[in-house]
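Labels for the chains are A, B, C and D, by order of writing; each one numbers its residues from 1.
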Amino acid sequence: MSGDMILFFILASLSVIFSLLVIFPRNVVHSAMALAATLFFVAVLFLTLDAPMLAILQVLVYAGAIMILFLFVIMLLNPAALEGRRIAWWTLGSLAAVALLLELVSLFFYRPSPSGQPPVAAAFGGPETLAQSLFTDFALPFEIASVLLLVAIIGAVALAKREG
Amino acid sequence: MAPLNYYLVLSAIIFAIGVAGVVIRRNFIVILLSIELMLNAVNLTFIAFARYLGSMEGQVIVFFVMTVAAAEAVVGLAIIISIFRHRRSLDPREMQLLKW
Amino acid sequence: MMEQFGLLRFIPLIPLAGAALNILFGARLRPQFAGFLACGAVALSFLVSLAVFWLLPASGVFRDVLFIWIDSEPFKAQLSFQADALTAVMLLVITGIGLLIHVYSLGYMGDDEGMTRYFAYLNLFVFFMSLLVLADNLLLLFVGWEGVGLCSYLLIGFWYEDHTNTIAGNKAFIVNRIGDFGFLLGVLLLFWEMGRQGVWTLNFSELERAAHLLRPESVTLITLLFFAGATGKSAQIPLYVWLPDAMQGPTPVSALIHAATMVTAGVYMTARLHFLFSLAPATLAVIATIGALTAFFAATIAVAQNDIKRVLAYSTVSQLGYMFLAAGVGAFSAAIFHLFTHAFFKACLFLGSGSVIHALGGEQDMRKMGGLRRYLPTTYWTYLVAALVISGAPLTAGFFSKDQILWQAYASPNGSTQLWLLAWLTAGLTAFYMFRQLFMVFHGACRVAEPAKARLHESPAAMTVPLVLLALGSIFAGWLGTPDFMWGSVWDPWLQSVLGVQEAVDDAAPGGELFLMALTLGIAALGFLLAFLLYGRESRVAERIAATTIYRWLAHKYYVDEIYDCVFVRPFTACARWLAQIFDPGFIDGFVNGVASTIRAGSLSWRRIQSGDVQHYLFAFLAGTLLIFAYLLGR
Amino acid sequence: MSDLSLLVFLPALGALGLLVIPRSRNSALLQAALSVALLTFLQSLWILYRFDPNLGEMQLVERLAWIPAYGIDYFVGIDGLSLFLVLLTTFLGPITILASWTIRERIKEYLFFMLLLETGMLGALVALDLFLFYVYWEVMLVPMYFLIGVWGGPRRIYAAVKFVIYTMAGSLLMLVGIIFLATRNFQVTQRLTFDLLRIAHLHLPYDEQMWLFLAFALSFAIKVPLFPLHTWLPDAHVEAPTAGSVILAAILLKMGTYGFLRFAIPLFPEAALVAAPFIAALALTGIIYGAMVAMMQEDLKKLVAYSSVSHLGFVMLGLFTFNLQGIQGALYQMLNHGLSTGALFLIVGMIYERRHARMIDDFGGLWKQLPVFSSFFLVVTLSSIGLPGLNGFVGEFLILLGAFEVSPLWAAVAASGVVLGAIYMLWMFRRVVFGPLARPENQRLQDLNSREIFMLAPIVGLIFFMGIYPQPFLSRMKSSVRLVIQRVESQKLAVPLIRGEASDEEKAARGN
């Protein structure tokens, strides 16, 4: 087993563990922290897939900005009541999720997977190439995305503002 | 290097966990977190395919997904705040006006 | 021989214009002016009718075509008028007597607040009635036919604030409609039967030329249907019930519409279609029988009535029965002759009774009258003349016209002894009830209550002058048609151009006719005598008679109204009520709503799965996704 | 844009124009709507002027491709069958707007829907493309739904929903029928079209005709309404605002009978011939039944509604005689019913506005207080009971004439409906207008104002004109009616074959 594979399995198992930790704890803060960890490990996985730029964005924007926002909200609301857990509902949900997983996996193995990665240019996944795509082929969606963000900000302000 | 399917299976696992969280948990914030989990699983798939196909489009899409996810998180959280103000609760079972 | 005569259209149109002016602008004019306008319109119309009468050549026909009314091939009806001898006579009656009654109304209705409306209706009636007699086809005749019914309806209910009046109006219209149902079907049957022979028409002269083409059984059916219409309009058994109630209207209306003109429309129609009726001996037999029965039956009722106008109403029914008896034995000319004379004396009687009612301030019960001869001399004398005429006093109009009918009923090929016997008995009854009335109203002690008695007065000239004219007419109108052994008839030749030559009576010996005349005079005298004995003197016999069972039966008109009510009206309304209140909302709408509520109940139970919990929906969504994937995998 | 399209879209354009007028300016809105309706009426007069009375075929046609992929055209035209219904619609347009003068709430939306409704009705009358017709047919529903549901009486929601669902249930079957026809036509001619005139050439086998006829007939019969599908009508009439009732009675009901004449009969003549006795039986039942039920109604609007069932029975009877008198009479009777029943609803509306009551027992003796009102009422009542000299008689007589040719029994039963008509109308009239003016509320009523006289006078004028001089109407209908009759007549020989009564020789002859 090569070093790459060992690295992959370590990262994979870590992200799965932390994913599970997102959904299990009763305390919401713990969930949020686990999600941040998961995002970090996935960012590392991005690096192994020659996507350094996105890995950086993932850490900065996602694990950083968005998760902070979550934490702020959690602290702002400070929900005291903890939810009750019904075994039946949990079993049902988990079984469905497992079934989904099995189905997805068997779909992937429907066809043989390409082995090995084709060689790519050194700059692949770097800021220049990403920017190149974004500002040429995807210029219009890019602009629309900016509008979307603006609308989201206004919407959030409007929603969260106290009336009166 | 790990084969493509490994990445896909990993993302499927994370996705399934996210689905389980969305369905099972009775807390809006955790549901929102689980959705982020699912989005990330999908992102991973995109990036894996981008690498194996040697095309930048996958990465660009992930960029946009992040943008959308940010917007979604912001608006979603704002809605949660708004709901919480009215209901003093984050339990989705309390919000059942849209029945029957 | 047809001649265009453009003046014809003005006979109906002038009264129509009068009515229209009164309706549209009457509110802004003085009520008195409305009366003069109406009288003027009818007077003009009368002048034109006179001109028509004068200018009409023997056996000639005037025509006046306006435009095609309805054209739906092969059906075609024109709006066009024709005047022959029969029409001319009718026109004179309508506009002449109509004019007198209009003038009379000026006095009678002088202080009524609805005078404008009254005269508008009256003019409208003259319009429709002259339309009826001027029509040159059946459909246009039907317009007039229903139109006069409308005016009758409006005028019976003229004092609309009293429910009995408007109910009587409704009864008149509806009973007439029932008759018209038959009439209309007759028109349809005639049209298609003629069409089957290749003649598509409803025009009288064309029908007359083609009448022989019809199959005998269809002629019988057609004429029976027409006669059904006539029983409604002319108040014969079984549809006579509306006419006595129609007396609720103002008395001049009773005189004009319910005695002189409208009710004779059935007789006119029979005469107009004589060419069809004479082809149907079975129908003629029915007509003669019903006519004779009605004459007798109504006369028996008349003897027990106490309302001054009801006596006259049943008398009218009875006299109309005479006319149909004449028509039924094929003596159409005699029928029209009696129509003509009847118009004078019955109008005179009604107007006289109107004068009495007017003087008494609206009282109609004869038991509260008596001795009025001293207070209303002119009315009394004219009433006496008319009563003599209707009873058939020698050398008066009623004498000649009624005897002609009796003679024909006996001697004509369609006649029989039984018919004559009924008519003969009726003649006696007529004299009895007329003089019973005369004695009760004008003779004996005055039984009028005190406040009214002080105001007793003779009517104004506007009312008495028409009375006198009509009384004179009642005497002399009959001299147009005397029997052959006197100076003969100018009437029959005049109408022969329309009605054809009457079949000669077999036993044409004048002795037979004279003998029958004597018999009739005898029974009429007997009737008079009986009336005098019972009612002419102060006696208690009348009260004892009034207590008998048979009298009660007669006074209640044999309970016919009650029987009709039980047999027809109540079951029908009960059925309608059941349909309206139970069947329609319960069954028909119940089925519709039942379908709806079944679906609703199903939906109500199904909607439970919409729990409102978003995670249930998510789970369902997930399950669906799983199924789709499973399907894709399994393929 | 051709004359017809201008006519159809004028009200809709007017409705859009209303949107720019501020809602606070009530009278400006009303005046604008009135002028649009008047303009539409003028345009329809222009069409009447351009109409060639001798032609039976479609006139003033206009055809534009609309959805070419499915062979759907914007195809309109007018002939003797639709001409006067179009005129009736535009004639009543201004009158119904005048009748709405006293509405205060949401007047803008109200007028918008009224004008939209007019476009829907005119479109349905001139549409010659089946799909286009269906669109207009459904377009009519929507404004009516709102007119009843928003401006109606206390049970307006119930009535509006019942009206829409009932009608919709029928028309969906018709949509299936239309699609089937178009595909059938495509199979035969290899040309996908919804063009009525082309599809009319299609010769369908008998059993297909029968199913399609039933689908179309159900939709139209509900609209007519033919007994026993009539129960939505009283509810809708009672709850609808005055103008809504007027339009409903005067025009929407005619869409059903018009549909029979324009679509169901010419497209499926064999089926129509076979179905004729059954439909006539239902029509006759409706005549008698409607009259008897009307007699017992206490609510004026319900009474008039049931009288419509009776009158429309006459129209249906006339249509299914398949002769010139019957169909001409039926067309004429459609106009008559539109005028007289429309006027009756106007009259009931006028009295309701004054008294806020509709029960017969609430009135009595109105003549004393309201002579002008009562006189109009009288004329309209007489028109409704078919008094000769007024319009109703001409129609009824022609229908009876036509029916008698087919079966004297039909004519006899129908004629007894004439008698019943007199009974219930006069009884109602007597109880409302005659008698003592007993109730104190009624003693303060005001007689008609000039606006109301202006609404009724044209109708009454037409009632007289159509009774005295019907020829201008009848002559313009004649040629088109002839074409329909020819189409049915050509199938008459086939009917014995369908019933299995034809001899073998005949079958052989037909086979060749």
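Note that in this section contacts are C-beta pairs under 8 Å (C-beta built on N, C-alpha and C of every residue); 3 or more make two chains touch, one makes a residue touch a chain.
Quick caveat, the model's predicted, so the values are computed rather than measured.
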Task: Chain-contact steps, minimal, separating subunit D from subunit B - done: 2
Open item on the list: Please identify the chain lying most centrally, where each chain is represented by the average of its Cα atoms.
Closed with: D
Open item on the list: When I count C-beta pairs in contact, which pair ends up with more: C-D or B-C?
Closed with: C-D
Open item on the list: I'd like to verify one number: the distance from the centre of subunit C to the centre of subunit D, where each centre is the average of its C-alpha atoms, in whole angstrom.
Closed with: 37
- [ ] Take the average of all CA coordinates in subunit A, do the same for subunit D, and state the distance between these two points in whole angstrom.
- [x] 65
TODO: Calculate how many whole Å lie between the centre of subunit B and the centre of subunit C, each centre taken as the average of the chain's C-alpha atoms.
DONE: 94
Open item on the list: Can you compute the centre-to-centre distance for subunit A and subunit C, using the mean CA position of each chain? Integer Å is fine.
Closed with: 101
Task: Of all residues in subunit D, the ones touching two or more other chains - done: none
TODO: Give me the residues of subunit B that touch two or more other chains.
DONE: 19, 23, 26
Task: For subunit A, residues that touch 2 or more chains besides their own - done: 93, 96, 100, 104
Task: Which chain pairs touch, all of them - done: A-B, A-C, B-C, C-D
TODO: Using the touch rule from the top, collect the residues of subunit A that touch subunit B in their complex.
DONE: 2, 4-5, 8, 12, 15-16, 19-20, 22-23, 28, 31-32, 35, 38-39, 42, 45-46, 48-51, 53-54, 57-58, 61-62, 65-66, 69-70, 73-74, 76-77, 79, 81, 83-84, 89-90, 93-94, 96-98, 100-101, 104-105, 108-109, 113-118, 120, 124-125, 129-130, 132-134, 137-138, 141, 145, 148-149, 151-153, 155-157, 159-160, 162
Task: Residue numbers on subunit D that touch subunit C, as the complex places them - done: 162, 165-166, 228, 230-232, 289, 292-297, 324-325, 328-329, 365, 367-368, 371, 375, 382, 387-389, 393-394, 397-398, 400-401, 404-405, 408, 411-412, 415-416, 418-419, 422-423, 426-427, 430, 433-437, 468-471, 474-475, 478
Open item on the list: Give the list of subunit C residues in touch with subunit B in this complex.
Closed with: 607-608, 610-615, 618-619, 622
Open item on the list: Touching residues of subunit B toward subunit C in the complex: what are they?
Closed with: 19, 22-23, 26, 92-93, 95-100
Task: Of all residues in subunit A, those that touch subunit C in their complex - done: 92-93, 96, 99-100, 103-104, 106-107, 110
